[in-house]
Amino acid sequence: MFEIRGLSKRFGGLQAVKAVDFDLAEGEVVGLLGPNGSGKTTVMNLISGVFPANGGSIRLGGRRLDGLPAHRIAKEGVSRTFQLVRLAPSLSVRQNVLLSLSFGARPVSGREAERRADEALSRVGLEGVGDARVPDLNYIDQKRVELARAVATRPRLLLLDEWLAGLNPTELRAAIALVGSLRDDGATILLVEHIMEAVRALCPRSIVMRAGEKIADGPTAEVLNDRRVVEAYLGGAAHV
Amino acid sequence: MRPAVSALACALLVAGLAALPLFVGGYGQGVLVGLMNAVVLASAWALFSGPTKYVSLATVAFFGIGAYTVAVLTETMPFGAILAVAGAIGVAVALLVGLATLRLAGVYFVIFSFGLAELVRQIITWFETSVNRTLGRYIFIDLSATAIYWMLLALAVAVIGTRWLIERGRLGLAVHAIGDDEIVARHAGVDVTKVKLALFALSALAMTLAGAIQAPRWTYVEPSIVFNPNISFTALIMALLGGATRLWGPVFGAVPLFFFFEWLSVTMPGQFSIVLGLTFIVIVFLVPNGVLDLAEKGLRKTRGPNAGDARHV
Amino acid sequence: MLLSTLVFGVVLGGTYALVALGLTIQYGVARIMNLSFGEVVMFGAFATFVLFTGASLSPVLGLFVVVPLAFAISWILYTVLMRPLVKRARHPERVEIDSILVTFGLLFLFQGLFTQAFGSGYTGYGWLQAPVEILGARVASGRVLGLGLACLIGLGLWAATTRTRWGLTMRAVATRPAFAALVGIDENRVARQAFALGGAIAGAGGAILSMYQPVTPIDGGFLTMKALVIVIMGGIGNMGGALAAGLIIGIVEALVSYAVDPGLTLAATYAIFLAVLLWRPKGLFA
């Protein structure tokens, strides 16, 4: 359904992503792991079109996404959240969700859009706060709004970039349950995550990157025991 | 109930404004033309720069294009047709500049808009002197100050009405998201460059028409008259004083500043530029979000402490 | 004639490059887009004129008065106007917008002051007009001296930024502002120094400009426009790029005013700018 071949990205002298290949099947939830600076977020940014790749291809359902601008990729059915929450603070909570419904994949308008926005908000546990102003929400609720904006369009591929980071233990459990419910609904999700508890609970399969290269890809339990992966993480942990 | 009341209030306001020139003399009518011009230019500036936060310094480029088009085409076709041609030229220039700069970061646009008026002025001056062998043209179009005022009023209604429509519709969501965080807008599926380009073209169209409509009042024009940089400057400062992010902000800024600048140009013409610059700096420091925002904050404070952060729309 | 046009272009380009060097330091390090930059250049020109006509001070010696003054003015402008804007802003974007607006206000303020003091016509002084021969072209010696001074100052600046610890600090803030604080660099101090240094270079540029051509109060805006275009062409913060771009603009301007019309110099600059935007928006040498 989704395939990446030979994906590469250079920033000046730094090869951030080196010839990465992987596939995602419909409805699959895959963890994208690796120490800081291993290129995970760069891969997310390449898929969603923040910047163009230097080489390789990205295909979603046979359509090429690489080379398309970000808004076209969104229209093709790729939604994402950001490492640090990004919302439009001058819009209300509901309007933030309406934004993607109005301009994203298969846009809707009017009553239908309002209904879908409220549906997405209650999906993430924010029923009744549609009229609130974004700056008045706490961090976890802002993250929920961002997720609602991403899932409202019923994306074919959902990219979650450390969506679970910065939550307290209670919030984390609720958040894992929420992503789990999206998985149960058949969403295809690629998630960058450092919280192993969440990865184990949500992702049957994981991909591990190190220094821009893919070094492991397989069932999460196996991958996390792989010697190279352990080394990569210890190496990464040494200077944390 | 409320929308009906607002609509009625707007209709009454427009009717009242339309009737004004019938009660004042020739001097008063001239003042009204200038005032309405200020409202149009400030509102048109804010139509693009308010939501996108791209600072445009090119107002007079379009204003001048409008006026000069009228000067060139005078007596060749009816005034309405001239306005259409002027508008088309203004939009074409805006699209050209926009296509080159709006896909890039804001500074590129600022730099281009900074020199645009001078660029157009140089090209026209060169063309007139080397091809036509003359500089300066006479305009023979018989239009009363009142007629010009009415056209400007209609233009002001069109500009503010357009912005109101945009704010209400789904385009309004895109426009605000772009102002807040372009990345958010892009990843939600908004073609950010296209939206900016459309707003810039609309705003340029209004500025061009404002110049074209007023051209008959000059009778004689040359590039240095119609490309006066003070016009860009005053439109910007008016929109800022009221608050460029708000629908009525530019109007609230344009009215007091128009009279202030009129007074200034009579009492101290030599120091005009100095006071203008100082006023500008004071406004950026003291009312960075405009007087309407300030008024709203004040109201919230008196009404209750639970007003929260003063984010504006 | 073509040869002397080229020499004129190189002299003009040298001054432009120097002025743009100041702007690229201000914008690259202090991150303030200064639309009143050209007014500081004009200050340099007018101050040199006053010193020459009022105190019979040679323009070259005048540099030793004008440059520190321009440095001080820019230092004060940064401290009084720019710093509060940086401090109150919640987003860097806001600083950019506010500084554009405030410096646009300053542009009108300074232009008004210059017009008050010197009138709206040309202000200049005749100095070192005896021609010298270069490559068969006759050029006023003031121009040649101007070019030499611009080269000298530019060279000194290059040495200072590449060879000293202070220069390293500047470059660190320019390339990685977020990390500068981590290694104990006081960003505010560096930004203020850079802004003042940029202003000092502007003042020097103005003094040099006045050595070979008269100026009017509105020239400042044009200089800012050209310097901004040169900075973008060269790549923001790229000193070598600014030098090359400055020379290109100077030569093109001289050629256009010789072959087509002297009134089209800014149009030529913007034509080049348009090409750069469409072809290499990150600068010719990116």
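For reference, chains read A, B and C in written order, and residue numbers begin at 1 within each chain.
As a convention for this text, a residue touches a chain if its C-beta (ideal position, glycine included) is under 8 Å from a C-beta of that chain, and two chains touch if they have at least 3 such contacts.
All figures in this text were calculated on a predicted structure; none of them were measured in a lab.
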| item | value |
| --- | --- |
| Chains in simultaneous contact with chain B and chain C | none |
| Chain located farthest away, centre of chain B as origin (C-alpha) | A |
| Rounded Å distance, chain B centre to chain C centre (Cα mean) | 31 |
| Centre-to-centre distance between chain B and chain A (centres being mean Cα positions), rounded to whole Å | 42 |
| Geometric centre distance via CA averages, chain C-chain A, whole Å | 46 |
| In chain B, residues with contacts to at least two other chains | none |
| Residues of chain C whose C-beta touches two or more other chains | none |
| In chain A, residues with contacts to at least two other chains | none |
| In the complex, chain A residues that touch chain B | 48-50, 69-71, 74-75, 79-80, 82, 86-91, 95, 98-100, 102-105, 107, 109, 113, 133, 135-136, 149, 153 |
| For the chain C and chain B complex, residues of the former touching the latter | 33, 35, 81, 84-85, 93, 96-98, 100-102, 104-113, 115-116, 221-222, 224-225, 228-229, 232, 260-261, 263-267, 269-270, 273-274, 277-278, 281 |
| Contact set on chain B toward chain A in their complex | 170, 173-174, 176-177, 179-181, 183-192, 308-309, 311-313 |
| Residues on chain B engaged by chain C in the complex (per definition of touch) | 53, 55, 57, 100-101, 104, 106-108, 110-112, 114-116, 118-119, 122-123, 125-126, 129-130, 229, 233, 236, 240, 270-281, 284-285, 288 |
